[in-house]
Amino acid sequence: MSSQLFNKHIGRRSIVLGGAAAAVAPAWMGVARAQNTPIKIGFPVPLTGAFSAEAQDQVKAAEVAVKEFNEKGGFNGRKAELLVRDDKLNPGEAATRTLELIEKDKVDFVVGSLSAATQLSINAVCRDRKIIFNSISQSDAINEAKDWSMYTFHEALNPHLTAGAVARYAFPKYGKKLVYLTADYAYGHEMVRGFQRAGQAMGTQMLADIRFPLGTSDFSAFLPRIQSLKPDVLVMCNFGRDQLNAIKQATDFGLKATTKIISPVLLFTARVAGGADVFDGVVGGTSYYWGMEDKVPAAKAFNDKFRKAYGGAVPSDYGALGYAGVRSVLQAVLDAKSTESMKVSIALRQLRYNWYKGDQFYRKCDHQSVQSVIIVESKSKGMKDKNDVFNVVHIENADEKNLRTCDELGHKVST
Amino acid sequence: MLDISPQLFALQLMTGFALGAVYALLAIGLSLIFGMLTVVNFAHGAFFMVGAFLGVYSLGLTGNFWFSLLLVPLMTGAIGLVCEKFLVRPLYGRGIDYPLLLTFGLSYVMVDVVRFTFGIEGIPSSTPESLRGAVFLGFGHFPLYRLFLILATALIVIALWLFIEKTRYGLIIRAGSRDPEICKVLGIDISRVWLLVFGIGTAIAGLSGMLASPTRAVNPEMGIPILAESFVVTVVGGMGSLPGAVLAGLLVGVVFAMTSLIAPEFAELSIFVLMALVLLWRPQGFFGKAGLMS
Amino acid sequence: MNFNVLNPADWYVWMRNHRMATALLFLLIFPYLMPYEALSINILIFGLFGVGFNLLFGYTGLLSFGHAAFFGVGSYLAGISVVHAGWPWWAAIGCGVVASALVGLLIGYLAIRSRGIYFSMVTLALAQIVYYVFYKAESWTGGENGLRGVKVETIDLLGWSIDFMDPLNKYYVIFVFVALALWFVSRVLNSPFGAVIEAIRENEKRAAACGYDVARAKLLVFVLSAGLCGLAGTLRALHLSIVPIDSLHYLQSGQAVMMCLLGGMGTFFGPFLGAAVFLYLEDVITNLTRYWMGVVGIIFMLFVLFFPKGIWGTVLHRCELWLARKEGAA
Amino acid sequence: MTAPVLLDVRQIARYYGKFRALGEVSVSFRQGELAAIIGPNGAGKSTFFNVISGGVPASSGQVLFKGKDITRIAPHEYARKGIAKSFQITNVFKHLSAHENVRVALQMQATRFQLWKSRDDYPQIKADADALLERVGLASVGRQFAGDLAHGQQRALEIAMALACKPELLLMDEPTAGMSPEETQTMVDLIRQLATERTVILVEHKMKMVMGLCNRLIVLHHGELLAEGNPDEIRSNPEVRRVYLGQH
């Protein structure tokens, strides 16, 4: 509760500041603004709606990156400032909010988004106005040529990468007869594709790909069939609450006795909300889990900053993305010695960084951040505290070959 | 394409009933309130959600499922009474639009109150020990709790039926009209009946939320999708008809389950198609009175 | 009539008799009253959505829960004509409006025969079917991800070229379409047919006894209303340069109902006021607290309880009483 | 003397499930008649009225208007054919002004789906509306909402609306129901005067009133035709006497 209020207060402060800055600096004195005004980063995330927990963490961590940058003196005197907006998980709202950020608040960059749809709508708005957008939402579409632009960057993992990594770890271990339980939308399909690619190499056998409508709250109707198919592995190609419901009900139907449940993306927050026994034994991928700090020094450093700022709380996976997304852009500003979009874009393309999870870089052709994938298994016993929910069972290191090729994404020049 | 063994079919049917049970309960509440007060209660889903939260919470405190099962409907019912008395009552005689708008606003408030008190990410819910595991039904294993869900619904429906058939309040509810004449004849203060009906409706909504909580994620938004679905059920059954609500509830549950088997991605659409077909064939639903609110 | 500049009553009477002029004047200065253009444009668009819906709901007395279908179809068809067919903006708008009117004809034809809440639910069900059709047609609509790249950078007409990327220009371009639509609605309401639909709202049986084919009249209004909502949709596609699948969702229909009731159903300008209040409050409150839903909800309830005729309806009512009193005094 | 038949009702029957509300009634009305359907409660008067005015469909039999079959035509067709009715329960457009009520009814003659012109482009209709209001004695309240008028006034307004259809045949269901004696008297005068220009058929149970008003009476009993004829014949008809005395 307290931490909630606290970060709410942060969100509010930055917003008020943003409003004030915009109020004192109307458009017609744009020239005068350049030197002394702060570097504004628009941050549209779903503060309300199904993923508000994740979104709050994104804001908290992003604030850490901003504070860090400002304490180091900013960019020749110019401090950074985060303008948080609530996209309500609604693409229309997201587009409107992004327009507000660009047209009224005159932000220099946009970082944020959580769902695939909002990510793409924010990207569309930014692209048309030549504003850099660093997406921290997990989806493949934004990397594809028809949505991509010089100003589009993708900090988060994409399902192809996570699904592939989980497949490479899990299939040899738990068996080759698979059933997919897939949320029937692009993101779900992308995850299936990821698994199938990696799986076919190992000769897995797909018994069924059951596609359910997004936002289904009761999966019981899909489960008897899955039971009757007797798969070795049930692959949950779904996300957040859909996933929580699906796993919960699969557990009720006693599926775990015969079948291993895996999922490409296992959310820290969903696990906390769902409880230990529901997720017990589920294996999945994630871009970040705070518990990897004993293996990865960068993670330790990031966790400590976060703990210091928020009274011992640990960052979630999406939180970490918020941090990295903002920090990359600010670093690029320093490298480019400018806030001008094209210059910063070029600097980002050159960037080699290790903010929180090991070495990363943006692939030239599609600006996808090439990074490691962490495989975790949810535990129900021997937990030190409420945040100790996963065991890190494997880390697949960053490797460009795990991504879809530039040509496949439709990028002609793969330099 | 895919072969469906009789066992699988039977299991699917059972899951359908379990789903339908929850729909039926919600629809009964909606139908009661509508039939009696011609109020389209947009906050019904919110009461369902509040019921679920209170259920999990009191279960956590008392550790006694059965006690909570008794407590929760009383609490949500009480909330319902307050809402009727101070919010809905002033709007009687203003047509359906205003209660509709008001309850819509009310649902917003309830959702945020829950967000504020229980947090936004929702709370873990689990099946009570005594009802865990699966039972063998001759054709396959079925979760004990969902079996219990079906039975509980049956009991609630019977209890309600008795209340409506055997009490003088029930008589008025059966008359199902806001015609004060009948009540004068019976010497009953109609406003008290409306209060009661709204209370019962919301109590049942809360109860169904509590009953559903172990089977699904408990979060502040859980009432939104189920509201649309239970409206479908209510209308298919015929607004203001309790048998209709029960029948349609089970039907929708089964249709959903069967579509999930044959064409999963259309499961959600199927119930809307069902509604469209039913209404085009019979514009007032199964047992509805024609021309309501026209 | 002799107009006394110092007499507020004269002002009021003038406004009442020239509702179009009043509305347009207000909308002309509107963007300068709002925090940012994108919001004013949204209000413009949803206001039009509300006006189109109000024609059916407020004036004919038919409560449809399926109007998102027309709003969304308008958006998508406009978007698709730009993205996939590469048509110019004006063709896109035309395509969107025609398409939504046709869908309106189909849904209306099926729905008219049911009444009251059942009418609402039939429209809802059919609209949901439309939603799924567009949801599944991923290669055309982008499915859940929505349709992207509805890029219109300049509005070219008769040698003129307006920079559509500039927010203020965008507002006034869209304003022109909204103004035309409002003018059309105003004429319809003033026409004999306008009287017929109000008669139907008041008493269907009587209207039929007077010799009016109620079903056909209803269907005609339904199609008009659908077309107007479709226009709103097309404008939104051009405004946001994307089409979210949510624009077909029943919650979008719900929003139209709420805006109408909030502003005052059956009043010419009510829906606009409703849209303005709804969206402005949401926008402002969202920036102040994470619990914006609760605050908006409370405000809603207060309006329902204390502004029975909706904001605009109540204002008009008060003014009429005040005027009557003045005249009585005079 | 014998004017042509205007409305010819042939063996119409109406059943509600098993219950026979109206059975095989045949009766014809000639142009210029002022006729009344009478009978004790439950005699089938209202059913008869509803069947001939399109309120409920006949189970069997047919209704001819000027030789054309109108048994199954749509509700709105009646007005267009020249048959107008006033309902038993008052039926006006409550939230429209009295003037607007009549105007809407009148406008039917001139235009049905005119979206583009303004209402003010039809000055004739406006004038006619005022005239009709004048005629039914509502000229003074033309600007008021129909819903705010007194009961009697609303009935009068309804008649004005019925007249607006320029009907050859005017059907009235208990035109004086629930009226004060004074209101009743004015209504009777109005009806008598209307009947000079067109055929009028009314359903009534107030014997005295119709005896003085109508030149032809049709008596229904248990859904069947008991007797018909001019007031004197009916008065002297033993059957009718028995039924009505049986009532009291």
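Details
Labels A, B, C and D are assigned to the chains in the order they are written; within every chain, residues are numbered from 1.
In this text, a residue touches a chain if its C-beta (ideal position, glycine included) is under 8 Å from a C-beta of that chain, and two chains touch if they have at least 3 such contacts.
Computed from a predicted structure; not experimentally measured.
When the partners of chain A are compared with those of chain C, the chains appearing in both lists are B.
Distance between Cα centroids is largest for the pairing of chain C with D.
Across the two interfaces under comparison, B-C and C-D, the one joined by more C-beta contacts turns out to be B-C.
One finds 33 Å separating the Cα centroids of chain B and chain C.
With centres defined as mean CA coordinates, chain D is found 42 Å away from chain C. Chain A and chain D have Cα centroids separated by 74 Å. Chain D has its Cα centroid 48 Å from the Cα centroid of chain B.
The set of chain B residues that touch two or more partner chains comprises 265-266, 269. Multi-chain contact residues of chain D (touching two or more other chains): none found. Each of the following residues of chain A touches two or more other chains: 52.
Counting only pairs that meet the touch rule, the chains in contact are A-B, A-C, B-C, C-D. By the touch rule above, chain D contacts chain C in their complex via residues 74-80, 84-85, 87, 91-96, 100, 103-105, 107-108, 110-120, 122, 161-162, 164-165. For chain C in complex with chain B, the residues that touch the partner chain are 63, 110, 113-119, 121-122, 124-126, 128-129, 132, 136, 204, 250, 254, 257-258, 261-262, 265, 291, 293-294, 296-301, 304-305, 308. Residues of chain B that touch chain C in their complex: 34, 40, 87, 90-91, 94, 96-98, 100-102, 104-109, 111-113, 115-116, 228, 231-232, 235, 239, 265-266, 269, 272-273, 275-276, 279-280, 283-285, 288, 290-294.
Note for the complex: chain A touches chain C at residues 8, 11-12, 15, 19, 47-48, 52, 85-86, 88, 90-92, 95-96, 99-100, 103-104, 116-117, 120-121, 123-125, 128-129, 139, 141, 146-147, 185-187, 214. For chain C in complex with chain D, the residues that touch the partner chain are 187-188, 190-196, 198-199, 202-203, 205-214, 216-217, 220.
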